[in-house]
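In what follows, a structure is listed as structure tokens, so that the remarks can point back to it.
Order as written gives the chain letters A, B and C; numbering starts at 1 within each chain.
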């Protein structure tokens, strides 16, 4: 005798189970220590800086429906604010309640000027589970002379890093989800299309979009824990798991960053900020540090390449991201840039696409994400550990198939 | 003890050799025994007292006719005044002397490594196959700069260095010529060359014949400054100032005059037959600024081309001491745990002073990280690393390199009988007597050491692969991959590792 | 949930042909979910369809998985998702578009023809059948392919393939033609741990690209026959001409069937 399985989709059955789990807004889930996942990433950039509507990225992400289970999704938009707001830091927050918001505003006012603030527009999506935190944005100018900063007379960027780490670590019920200029992150606990609808991202046109959909295996949904994970204008969408997390975490903490988001992606974001912004290293060098070539391949480089490669591996060994990963990284300065790369064993999928008219570049976990919005495109895989770099105004600067020191780009 | 020495002693032998019927009376065992524990009497081989269980006769007997049996003290059992305690009292009442021994402590302290288990990757992370996919174990020893600077053309402006690259995260610890024979030392150096790792020279200077291995020698500058010449400093691959040694923290060394043969005299550059004394402190280092000066002068003398490191014993304040040492300019720090071995040490120091290496590594690693210094130096740790599992756990606790000594000697023949200080090692290792040292063939010894560490490195790769890590630097300090399974959860907290059952974080 | 529309007609030869249109999208722009599409495909197979044409495919996974009818032909227009033809044991699948990852996973018999690229982990653990890819494939292609009982799998790639090609190979053949490649058409660690089977590459391969246990070996008559068979099949499928200038072809084969003897010590302690 056998009992046949019912005809409804398996995915729906699992999602009913997730609905019974507790969900969290800004406040950290109790008792959680680490959240793992298997996910989808997608990105699009108009290389002339023309605007791409948000529904395009939402469609890319949602096409990869198998890569999410409704426990988190997010979008980062670059180049979306008008000229009078582009040069201010746009801080977007998730607040669990008004109190968290008040404390945060006080904190910010002690450290600079809030030029403008507003509720981030949202729409009602019935299927989106509570809690639904308050999402608010502040256009902010920090004052490095403020007594409240621990380090005196530091740069504005450093002020912002200190402020964001301070709020995320110390103010309960408040999490800053983006803190860069001319960019913003929209994310939460829900399916990719639910989050897209909740934030009505179709109302935004941006030169570049990065996005991520989650498939956590063992944790409750948490608005703040979704990707992209962002600091200043850096945002990272990550598929995979970093086996060197303990080492990388200590390294970034030793350099002054505070990890509070319970996900390995956080260390990736801070490592990019440390290597590129603070240490001034070009993006391809940072990529070599995070996904270094094997020693046996270093031996076959020319003298200068060998010397440089050994220096990078020896000096920055704690920044090596071990384990399978594919990541999309975005920044807005000096120009809007997209970086796409996979680990040195290429254990996670990553497709790059360029539209036939040469105007748009795509990156995604699966080809169907690209094809669903761009019928005519060339697609290719980047080499393991080799970054694809595309920049507004310049196009695809690196295709991701060049040797490690082949194209020395900023 | 010889039969003569034993007269008047109430202490019985701890070991008794038994000769079975298979004995063919070749008398080889009598020749091989350097402790006069076997004699031929009326054609038969009989025990003569004084056996230390060095196992030489057992392994050399052509008919496998010898068995060495442990004969514990026969006094009435007592849990507090154990047989051993009573024997110590009786011995000292007779001699009035400081009890001496060698090797590492043999008191039954818990080995904390045995209370730690390793993580493996599953489902959310793939394991990597060490046989078919590259897993890298190359390890650098020396100073790192914390950041790389490039000019506008992408060329290097300064950076890390001097650095020595080793093929595996393991180095052979310091064993001095004097504590061991020249053949034993050559076996260690030869092995280091074949494995492409470093071997410590010990504080006895470097024999001229050993300079051919200089590229793999980590030369030691100890308090006695034996054999420290410009050539010694410049030609070797690294220089290490010995402040302390795990087995005898705070102590110097004492090689009695009768062991200062022509060989030792010329290598250490001291007169024949005089005692070779290593003072307890370096007499030019009474504080951290003085250490800074010694480090600086060594760097200047080697024109900054050779990493200069410092070895300290693991003691209670090891974290703070290590921090001071790094600030004083050390390129690498070696921490030697209290279970480490020695050729000779007072028992009271060997058995009771110092702290275990597991806790010391975690303390030093944490302290240096807190001060933002951890990524400027290489941390080497030893005492005792008995196998690849210990090495892996030491790395995960925070050490860049595992320092191994006793295991290498065991590979060459040592059976840890704790008689090194008597200078009559039957294996030709801890002795200077020519008839004994000739028993050790350096090439064969080297081959066995190479086999041993090659196997450990393959085991390291097996574990790294199982953890989903494809390069050893991603294990160093990755305490998340360890869990504590022992009786004292406070230890887990101090070492910064989670208890079994706790998830990721 | 969106649905598919299908339509079954009887062909002149009496066989049934089904057309399934998978192009509808839900209000969020999402394609038909894979379970719905695959259910429909199985339904028309059970209804006797001998030819199936699926259009508007956009990322649906596991299409035609574990299908067993040797006479069945499935045509796919669009981008099939991961796991196309997993456990395939008979049918022929022809894709007009790019395939994604894990195409032909543990395939036993049948044919998968892709007029485009197929990405990572193609042909994993295949035990028989043939996969033909007009353009390129990705990483970890042909891992642990094996031969048994007269059935030998083969993968033919027109362009290039990435690292770990044929890792753990125990039987079968892989051919990489290198069309349009300026550098080597294969990556590194080729044939790592291979202990059976052969990998053929048209283009330069250097020693450092070989994995543990793999070696470059000269072609013999069996190889040339095998190549002729694979090349002519490729030509027919894609209407392309491929050279038979054998000196351009390299063969990578195992050094031994027991590459790791001596690595382990079984002594009881």
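What we mean here is this: contacts are C-beta pairs under 8 Å (C-beta built on N, C-alpha and C of every residue); 3 or more make two chains touch, one makes a residue touch a chain.
All values derive from a computational prediction rather than experimental measurement.
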item	value
Identity of the most central chain, Cα criterion	A
Chain of greatest Cα-centre distance to chain B	C
Whole-Å gap separating chain B and chain C, where each centre is the average of the chain's CA atoms	55
Chain A-chain C separation of Cα centroids, rounded to whole Å	34
Centroid distance [mean C-alpha coordinates] between chain B and chain A, Å	47
Multi-partner residues of chain A (at least 2 other chains)	296, 345
For chain C, residues that touch 2 or more chains besides their own	none
Residues of chain B touching at least two other chains	133-134
Chain C residues touching chain B - in the complex, by the definition given at the top	164, 167-168, 189, 192-193, 211-213, 260, 263, 265
Interfacial residue positions of chain C with respect to chain A in the complex	1, 28-31, 33-36, 58-59, 61, 78-79, 81-82, 97-98, 100-101, 117, 119-120, 138-140, 162-163, 188, 208
Sites on chain A touched by chain B in the complex	33-34, 36-38, 217, 241, 243-247, 250-251, 253-255, 262, 279-282, 285, 292, 294-296, 304, 307-308, 310-312, 314-318, 320, 322-324, 344-345, 347, 405, 408
Interfacial residue positions of chain B with respect to chain A in the complex	121, 123-126, 128, 133-134, 136, 138, 140, 144-150, 154-156, 159-161, 163, 165, 369-370, 372, 374-375, 467-471, 473-481, 502-505
Contacting residues of chain B [partner chain C, same complex]	129, 131-134, 455, 458
